[in-house]
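Presented sequentially are two complexes of chain A, the first with chain B as partner and the second with chain C.
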Partner chain A sequence: MFKAIVSASTLRDALDSVSVLVEECKIRLNEDELAIRAVDPANVGMVDLSLEAAAFESYEADGGVIGVNLSRLEDIAGMANSGDLIQLELNEETRKLHIQIEGLSYTLALIDPDSIRQEPDIPDLDLPAEIVLEGNQMDRGIKAADMVSDHIRLRVDEEAEAFYIEAEGDTDDVDLKLTREDLIDFTSGPADSLFSLDYLKDMNKAIPSDAEVTIELGAEFPVKLHYEFGEGMGHVTYMLAPRIQSD
Partner chain B sequence: MRLDDYIEMEADEAADRRRLVEEKSYAILDELEEFQHRFDEVVQDDAIVGSVSPSIFVGRSNYPNVSTGILSPVGHEDDAARFETSAAWYDEGVSIDDVFQRRTSLLNSNQPTSVELGRDTNVHDAWNGFVGTQREVAISDRPVSVEIGLDGAPELDFDVSRTDVATPTGPRARARSATLGENPHVPKAVKKTLEDDDWQAQGAMNYLYRRGFDVYDINSILSAGALGQAETRRLVPTRWSITAVDDTVGQYLRGTIRDAPSVDTVQVWRNEYLGNAFWVVLAPGRWEFELVEMKAPGSIWNPDGEKLWLSSDCEGFEGRTSYVDETAGAYYASRLAVLEHLSDIGRQAKALVLRHVSDDYWGPVGVWQIREAIRHAFDDAHGEAETFGDAVREVTTQLPVSLSDLRRKSTMVSGLQANLTDFI
Partner chain C sequence: MEFAAFTARADDIDAEAADLAKTALVRDLFAAAGDDLSVVARFVQGRVFPAWDSTTLDIGPSLCYEAIARAAGQNVTAAAVEDRLAEMGEIGDVAASFDFGGQRGLAAFGSGGQSNLTVEGVDEALRALAAASGSGSQDRKLDTLFGLFNRCSPAEARYLARLVLAEMRIGVGEGTVRDAIAEAFLADAADAAAVRDDDADDEQVTAARERRDTAIETVERALQVSNDYGRVAVIARDEGETGLDAVQLEVGRPVQAMLAQAGTVLDALDAWGDVAVETKFDGARVQVHYDGGSENGEGDTDVSLFSRNMEDVTDALPEVVEFVEREVDVPVILDGEVVAVDDDGSPLPFQEILRRFRRKHDVDRMRDEVTVELRAFDCLHVDGDDLLAESVTDRHDRLTDLLGETDAVSNLLLTEDAEEIEAYEAEALDAGHEGIMLKNPDAPYSPGKRGKNWLKRKPDVETLDLVVTGAEWGEGRRATFLGTFLVSARVEESEDAEFRTLGKVATGITDERLAELTERLEPDIVAESGTQVDLRPTTVFEVGYEEIQQSPTYSSGYALRFPRFVEVREDKTPETADTLERVERLAEQQ
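On to the complex of A and B.
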């Protein structure tokens, strides 16, 4: 059983954060929250999302699992204005999701959840550095890095008490330095890892520019990015495997 | 035959090569004169040329209104097959001047045509006339005897400029007509892809590949518009179709190793051919591929440069979503060769291909040279290294580039993509 009413913008934010990594996903309709966990086919990027029942206008669920085609669902959600409410209801018998937006109704065929890639185990990482910054600060660093390279280095200089976003291109370099004063919060620690910009750019796309982003970082370890949406009742954690330097 | 058998080399060879490019001559003018003699001997008064044609050529300029032609080695009918680009050229050990000699010995009798042949007659249905004959030549597995009615004498023209360096082609003549002098021999599998007009081109190409046809054969079949779904069949410019086939078959092969175990050691394979040296570094892990090209000053691709010219393109586990930026057809040809090897051994790997183009490479012969050199790199013994970094460091000692410059240019040298399961 699943029946819920949610604002279009909250639903879209949730879907966007997952669709940058996968085309299909399982949605867990738990009693107290809606949850999605997915990893891209290359096993490089992962998303772990939860949207509390309180983020919905109304929410009733009993722990079922559905499989959806994300771009299809995003297209439908895109039919709503951001202030509109979207009504979702699962028909258990037909295994279809009924979606209603301001008089528009859409019946979405679901995908057998067993045919979707298994949800990943989350690596249990204890990362030494934690950087909290605004989404637009990170966006600025990623945009600049993208001009010169296809990979990006995130590192902490413990002595300088600063977080660096760096990129080395064929001929040009980019370096964004953010000191303790520039950051919302900063836990210094040994951290230096290289990441594919393709992935990071996609993840960054889903992060609202006014969101507070927490970066957990280590030395040649996956990075974790956390942010919230839906007035703090939606939680996203991205995890991205590093590119390992060859020397 | 050596190049200096028929041209006099200047003392400053490098400067001379640059001049040759400049003048678009490729030092084959003598060869072309020879062609003229041969041509005059065989051409009849009514300008009907009887020859044996091994292949076709579809131009790409002015697309979709292209020039499409039948290639015939006028005066060399006895060994016409030798004039068709194929994997055999490597085995034969042809040199750059051999390639130029063969290419320029081919008369390209052509007609201007729309790739779709106008709205009413789809390529699919064009069995008669010039394009029909051309297609018979393309789908036949051996040279076909043809009679071509020419409209005037051949022009000795070069389809080469400094901004668009292409393999030189032979004389071109406008054709009035072309008819078959025999029933061409068409393999069964090719008939099947030809007749099934509800079959997507990619699927048909891969089918032919699995049935043992090499990319060279598939390329001319695709080029002639002889496979694919009826409404989408059209003539495909030769150069585009080479890349399309390399890419399509490459994607198919990549699929075959998607869930395969990884190679378990770091391996370095090497080969050298026609002034090009190749190193292939295979490392354990999930599929990832990069081609880095280093073009020496004085080589055909960097005739005026004083510095080494570097270019690279790469893809991750899921492949690319866009055409490559810097390495063009070389990327798809080299990737195909590496994937063939991996698919053969049933393994996946992280594969870095380094190509050094020396100044001995004075004229472009086409991407077949890259494909075959890398295919054959896997014939001989290979070296092993402890780590990918060690392998690259070792190879770099033989390259005209520093490790730090290589790291700036190469995504894989700067870091190999790990995956999340490595950290569980």
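On to the complex of A and C.
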């Protein structure tokens, strides 16, 4: 059983954060939250999302799992204005999802969850540094890096008490330095890892620019990016595996 | 099987130049493949999907270059990959020349899932990739492919790149795979391979070879019927020859079409005695599969149409689908042509059918513009009976039972009379068809074979430039036209221009052309008796024929077999036409 009413913007934020990594996903309709966990086909980037029951206008679920085509669902959600409410209801018999938006009703065929890639385990990582910054600060660093390279280096200079976003191109280099004062919060620690911009750019797209982003970072370790949406009742954690730093 | 183990063997197979030793290496690979046998049997040929399946990976070279670039590391672009390709010449070598694996996977940090690449894993990933469609699917394909390359060693990368672009380049063709399946899993073939190595005496060697050939034929038949190397390999291993013999055609899975080679009527009569003659349609080859209209989901079509290359062309030809659904009520596999026809049902040129065949858009609009119809000439399966081994005539009988009431079945003439064949051909050409097919009436259907049992009549062995010296008025619709032309050769060194008759030409001429020729020749009429006219020699025809034979019928003492009008030689006069001497010389040379 699943029946819920949610604001279009909250649903869209949730879907966007997952669709940057995968085409199809399983949605767990737990009693107290809606949860999605997915990893990209190359097993490099992961998303772990939860949307609390309280984020919905109304929410009733009993722990089922459905498989959806995300771009299809995003297209439908795109039919709503951001203030509109979207009503979702699972028909258990037909295994179709009925979606109603201001008089528009849409029946979405679901995908067999067993045909979708297995949900990943969440790696248990103990990352020494934690940087909290604004979405638009990170956006600025990523945009700058993208001008010169397809990779980005995130590192902490413990002595300088600063977080660096750096990129090295064939000819040009950029770096963005953010000191403790520039950041919302900062836990210094030994951290220096290189990441593919292809992934980070996509993840960054889904992060609202006014969101507070928590970056957990280590040396040659995956990075964790955490942010909230839906008035603090939606939680997204991205995890991205590093590239080996050649020299 | 680990993908690395597969690629190591592929390297060995590639390095081996001798055919028998190569086959032996493929045999060993199959024997070691375990649960991955069906995938391995396809991979060695650079295939992910069986031959009957028209699914493709749909990965263009540029997507492959981009995936390699991304896996190759920091700031390597697709353009750089292409540069290296220009330098090295082959994508496998290029892929092997990069150092992949710079991007680490989450699995290394405890997300579970991935370890080393396996044959099964690569197959699954590539299949998932082929299934991706819709917006963003190109990105997903790139991600998947990048993920695979990223986990490759150089040796693995070489074969992954080749597999993705469907070209293994290890010198393993269909014949090698067939022989290797037999040697790996059928005792008779395996023995023969062993005897080959030992110092057995000649008799034993011969006997062993014969057993080997029989075993290979068994594999070959199963391959022809199923069109699936992977499946045949597994059946050979698990069920042996008995299992292979039991492999049946499956409605919905196309078989390779039997093909014809060029040949003459005289070849056919010589070889077979009786000849089965059919109209050769100027259309596109199509294989019709119908499941008999059994329980199907809503909207599922139960007819599938496949092109000669086993492409699914069902959606482009709705009226053929409707025709089969209407006229047939049992499961069948038919072979035939779709032809474009005008309002009277007369055939239209080949270009017209091309406007319909393979069409994906505007099918309904084009359906109004160009009408297509099925012309079936063979029948491979009816209601549970496979007919591949039956004779042409038996198969045609089954076809007539199915569709005899319609216009969709070609007439089959069974004859040993060259004249009758000639008349049949004249009729076919008159009706606007391409010509005739000659078939060995006793021959089975051999999928994929361009054998000697089906011949496209080669219209002309030679042509002669002959003078028109007489004609006959036509009959019926052609009563106002000169329809048949008497052609003659010039006698060299004759005082006056003297001509000797050699044959009558009536075929190969359209109605429009006949009208033109009549208008042109009418002023030359010097005498008329009944429908026969004598003509002043003014005009030279290029005339095709199959053979010159001695004959009392004509004044030259020779007759042309299967004479056919080719063209008016505007550039020639009776004085420069071919001479009787040349005709005699050609007759000698035959």
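Simple rule for what comes next: the second predicted complex is superposed on the first by the 246 of 247 C-alpha atoms of A that agree within 3 Å, B and C clash if a C-alpha of one lies under 4 Å from a C-alpha of the other, contacts with A are read in each partner's own complex, and residues count from 1 in each chain.
As a convention for this text, a residue touches a chain if its C-beta (ideal position, glycine included) is under 8 Å from a C-beta of that chain, and two chains touch if they have at least 3 such contacts.
All figures in this text were calculated on a predicted structure; none of them were measured in a lab.
**Student:** Is this a clash or a fit when chain B and chain C both end up on chain A?
**Tutor:** Chain B and chain C clash in the superposed model.
**Student:** Just checking: does A:Leu217 make contact with chain B only, chain C only, both, or neither of them? Give me first, second, both or neither.
**Tutor:** Neither chain B nor chain C is touched by A:Leu217.
**Student:** In the overlaid three-chain picture, which partner chain does A:Ile66 touch, first (chain B) or second (chain C), both, or neither?
**Tutor:** Neither partner.
**Student:** Can A:Glu23 be said to touch chain B (first), chain C (second), both, or neither?
**Tutor:** second
**Student:** By the touch definition at the top of the document, which applies to A:Gln118: first (chain B), second (chain C), both, or neither?
**Tutor:** second
**Student:** Tell me which partner A:Leu183 touches in the superposition: chain B (first), chain C (second), both or neither.
**Tutor:** neither
**Student:** Based on the superposition described at the top, state which of 61-69, 259-267, 295-303 or 385-393 belonging to chain C clashes with chain B.
**Tutor:** So the stretch of chain C that bumps into chain B is 61-69.
**Student:** Show me the chain A residues, by the header's touch rule, that chain B contacts in one structure and chain C contacts in the other.
**Tutor:** Residues 39-46, 120-121, 123-125, 150-151, 168-170, 196, 198, 221-222, 239, 241-244, 246, which sit in both footprints.
**Student:** Using the touch definition from the top, list the residues of chain A that touch chain B in their complex.
**Tutor:** 39-46, 120-121, 123-125, 150-151, 168-171, 194, 196, 198, 221-222, 239, 241-247
**Student:** Can you check the complex and tell me which residues of chain A touch chain C?
**Tutor:** Touching chain C: residues 19, 22-23, 39-46, 69, 71-72, 118, 120-125, 149-151, 168-170, 196, 198, 221-222, 239, 241-244, 246 of chain A.
**Student:** Per the contact definition, I'd like the list of chain C residues that touch chain A in the complex.
**Tutor:** Where chain C meets chain A, its residues are 70, 73-75, 101-114, 125, 128, 132, 134-137, 140, 143-144, 146-148, 150.
**Student:** Tell me, which parts of chain B touch chain A in their complex?
**Tutor:** Where chain B meets chain A, its residues are 286, 310, 314, 316-318, 387-389, 392-393, 407-409, 411, 413-424.
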